[in-house]
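Both of the next two complexes hold chain A, though its partner changes from chain B to chain C.
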Partner chain A sequence: MELLLQTILNGLLMSGVYALVATGLALSLGVVGIVNFAHGEFLMVGAFLSYLLFAFRGTDPLLSLGLAFLAAFGVGALTYQGLIRPALKAPELNQMLLTFGLSILLQNLALLLFGADTRVVAPPYQATTLSLGPFFLGAVPLGAFLLSLAILLGLQVFLTRSRLGLAMRAVSQNRLAPGLLGIEAERVYLLAFGLAAALAGVAGVMLSVMLYASPTVGFIFTLKSFAIVALAGLGNLKGVVPAAFVLALAEALVSTYLPGGGGLVEAVFFLVLFLALVVRAWRLA
Partner chain B sequence: MRLEVKGLEAGYGKAQVLFGLDLEVKEGELVALLGANGAGKTTLLRAISGLIPPWRGKVLWKGEDLRRFSPARRARLGLGHVPEGRQLFPLMTVEENLRLGAAFLAPEREREGFERVYTLFPRLAERRRQLAGTLSGGEQQMLAIGRALMGFPRILLVDEPSLGLAPRLAEEVLASIKQVTEEGVGVLLVEQNVALSLEVAARAYVMEHGRIVLQGPSSTLLEDSRIREAYLSL
Partner chain C sequence: MRGANHLPLILLFLPFALLPSLPLGGWGAFLLDVGFFVLLFTALALSWDLVARTGQLSLAHGAFFGLGAYGAGLLAPQVGTLPALLLGAAVAGAGALILGSVTLRLHGLYFAIASLAFSEVLRTLALKLPFTGGPIGLPVPPPFGGTWPLAAYYLSFSVLLLATALSLWAEKSPFRLAQAATRQSEAVARVLGVRVIRVKLWSLLLGSWVAGLAGGVYGMKTLFLSPYDAFSLGRAVEALVIPIFGGLYTTLGPLVGGVVLVSLEQALRLWIKEGYLVVYGAILILVILFLPRGLVGILGRRRG
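Showing the complex of A and B:
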């Protein structure tokens, strides 16, 4: 029983970061209408930024969070201006190939610059654990979970209270009306895409401590995010958090209970994606 | 303050829809644009607000050519457009829809806008927390008009507000549009309901196959034998 609860706890703590990354993907999909296979590479940018700052300047990853937010926002905004905007009216397949190509380009650029090694950011508190009765909580996963929740809560307030947030939801619901109301939709797309990248960038910093930074770390998260978004339902931002919990929990259960589960964890999202799509197809039929 | 259209030609792809139109609307007047389905009324509104580029001719705002202005920039100048099919944000509340209509204004103006719209359509005030997609057809039309009014337009284009509404509701909506012009807004009203529009509008244009074929004060048009035969079936 204790093992089960500990497993559920582990899943819960992981779900925050998953939700953060997947919310970014859902934003670019829902608001800008683009299937962004390079979303995880924004995460990688954040992870490497955190690693470089830590390795060369000794910067605490907590301080890198803000920098990664801005840097990833910048990279996202540039990507939108240079690549996405010209392709906005192109067929979906072209857009997907474009972002897929960008993903491969960025991964290999990172490989060239940093090599294939995994790099871990190890601040003094990295291995600290807190014990809660019979359970153990890693300080870093707990911090990442709470921070992710706080960011998502902030995002929720932004999307429901601020004018810019309202405009982001508006362009996702109707493409024609915002222009007639004096809202430049393209500017909203730019900010939404930048924000989506920034969320991934922040998650990248967290993962540089919890996991590692490597050229391919982002791509796994792109795939996991797609599984989460498919489970939540396309364009359903609120569904992302519970969907992220489902995936993280499934991974934790597999890792604890299946013999040799550690190796199978990275396949769980395929199962989740598969089941989400099949169940969805059933409901539609 | 006036909106002028001069020799406007426009279309989609290779299909020309508008063949040299001239028209003007001044602040504070209610002008009806009448015509059968497919005459090009909606296309004309889309060209005026910049959703499609003109092939030839001009749209002038206070005498200035709007050619290079995006639809959003035209809206910020004071050109409102209540589009065909209302184009609301269905998953947002009435209040959020209205706020988006004032997205480019200072916050004080937003409060003023809410007051104006809720006075004009008290029913929207009752439903302010309801999702726009769950409103009745008439309420949705009121919301579409109210949302455009939140930006304090000087000239407002309204596309078929009575479409799909029960006769009594259609009258109600047209009466509130008339009230808007009395507050000093110029309105170009596209309608298929000719009898009702000529009742509220001061003057009207009649369009056929992308051209203006008839224009004048509503009282004169109501007497015109062609109008009586073709549109009023008298």
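Showing the complex of A and C:
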């Protein structure tokens, strides 16, 4: 029983970061209408930024969070201006190929620059654990979870209270009407895409401590985020958090209870994605 | 279009048919190797284009390739070369059927995402399952007991001929119209009486068979398979960049693109070991943005 509760707890703590990354993906999909295969690469940029700052400047990852937010926002905005905007009216196949190409380009650029090694950012508090009765909580996963939650709440307030946030939701609901009301859709797209990248960048800093920074660290998160977004329903922001919890919980259960589950954890997201698609196809039929 | 000009095709194939008999001296072995990979990956590219003609973005061609490679590699010692290749292709087809039956009813982007996830998961499974040799890898016997050194080259040539024939058939028959209608608007295609899902599933199945065959031949050439190699994402990238570079939805495009890009890759591989996919990523972005109809598109415009 205690093992089960500890497993659920581990899943819960991981779900925060998952939700953060997947919310970014849902944002670019829902608002801009772009399937961004390079979403995980923004995460990788954040993770490597955190690693480089820590390795050469000794910067605490907590400080890197803000920098990564800005840097990833910049990368996202540049990507939008250079690649996405010219292709907004292109066929969907071309758009997907474009972001897929960017993903391949950035991944292999990182591979050429940094090699395939995994690099961990290890601040002094990395291995600290807090005990809560019979359960153990890593300080870093707990901190990442709370921070992710805070950021997502902030995003929620931004989307429901501020004019810009409302504009974003308006654009995501209807392509034409917001323009008639004087909302400049292209600026909103730029902001949404940058924001989506920034969310991934922040998550990347967290993962550089919890997991590692490597050229392919983002790729697997792209896939997991797609699984979460498919489970939540495309572009549905509200469903992302529970869907992220489902995936994180399933992974935690597999890694605890399945013999030799360590390697199979990386296949769990596919099961979730597959089931989500089966249900969707079945409902449609 | 009947009786169209086949001259470019013949001119492309002729050097490859003659390659084994040319007196190349010390370069012969190297050029035959390059030729082998050009033929094989061009076939893979054609099989990708076959699926893309219905508007589906398949990122699972690396997985079909790997399924064929492992299927043929595991079966070859028991049943012999050719049956093993066919069975490997059948395994790839089964994978395609599972993937397609779930996703092809849905919006196209679900298929793209699921196909990418499919290839990642198959690599994880190949690493973990008991009979694949896991991360250590799987030794594969050479074709026909290794009695004929050129066997792999000619097998590769045959796969490309088959892929070209399939592609030409799909281009010249009414199937092309069904594919194009499906790509341009599924709703309209359905109204016109096209069985959209059946067209998509058949295209995917044909594509996966060819990709599986190519994978099987690949294993018999390299004599060794590892999950990282056989199921690598790089394979899917090559399979899609080649047709896009050469010219989508044509037979000539992937052929031209394959000859150019795979030769380039074999040359670049001498200098860049890891991360040569940078080139493919950059080509993909540039061609989509500035040259959406590929090399064949430029030539076609100039001619007419």
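Everything below uses one rule, namely that the second predicted complex is superposed on the first by the 285 of 285 C-alpha atoms of A that agree within 3 Å, B and C clash if a C-alpha of one lies under 4 Å from a C-alpha of the other, contacts with A are read in each partner's own complex, and residues count from 1 in each chain.
Keep this in mind: a contact is a pair of C-beta atoms (placed from the backbone, for glycine too) under 8 Å apart; a residue touches a chain by one contact, two chains touch by 3 or more.
What you see is a predicted model; the values in this text were computed from it and never measured.
J.: Which partner reaches more residues of chain A, chain B or chain C?
T.: Partner with more touched residues of chain A: C.
J.: Would you check which partner chain A:Leu211 touches, where first means chain B only, second means chain C only, and both and neither mean what they say?
T.: Touch status of A:Leu211: no partner.
J.: Let me test your reading of the model: by the given contact rule, A:Ile228 touches which partner, first (chain B), second (chain C), both or neither?
T.: Neither partner.
J.: For A:Leu105, using the defined touch cut-off, is the partner it touches chain B, chain C, both, or neither? Pick first, second, both or neither.
T.: A:Leu105 contacts chain C only, not chain B.
J.: In the overlaid three-chain picture, which partner chain does A:Leu43 touch, first (chain B) or second (chain C), both, or neither?
T.: Neither partner.
J.: Of the partners chain B and chain C, which touch A:Ala248 in the superposed model: first, second, both, neither?
T.: The answer is neither, since A:Ala248 touches no partner chain.
J.: After superposition on the shared chain, which partner residues are touched by A:Ala177: those of chain B (first), chain C (second), both, or neither?
T.: Touch status of A:Ala177: first partner only.
J.: Overlap the chain B and chain C contact sets on chain A and report the shared residues.
T.: none
J.: In the complex formed with chain A, which residues of chain C make contact?
T.: Contacts found on chain C: 52, 55, 57, 59, 102-103, 105-110, 112-114, 116-118, 120-121, 124-125, 127-128, 233, 237, 240-241, 244, 272, 274-278, 280-285, 288-289, 292.
J.: Applying the document's contact rule, which stretches of chain A touch chain B when the two form their complex?
T.: For chain A paired with chain B, touching residues are 163, 166-167, 169-170, 173-174, 176-185.
J.: Given the complex with chain A, which residues does chain B contribute to the contact?
T.: These residues of chain B touch chain A: 49, 51, 70-73, 75-76, 80-81, 83, 87-92, 96, 99-101, 103-104, 147-148, 151.
J.: Taking the complex as given, what residues does chain A use to touch chain C?
T.: Per the touch definition, chain A meets chain C at residues 35, 37, 83, 86-87, 90-94, 96-98, 100-109, 111-112, 115-116, 220, 223, 226-227, 230, 234, 260, 263-264, 266-267, 269-270, 273-274, 277-278, 280-281, 284-285.
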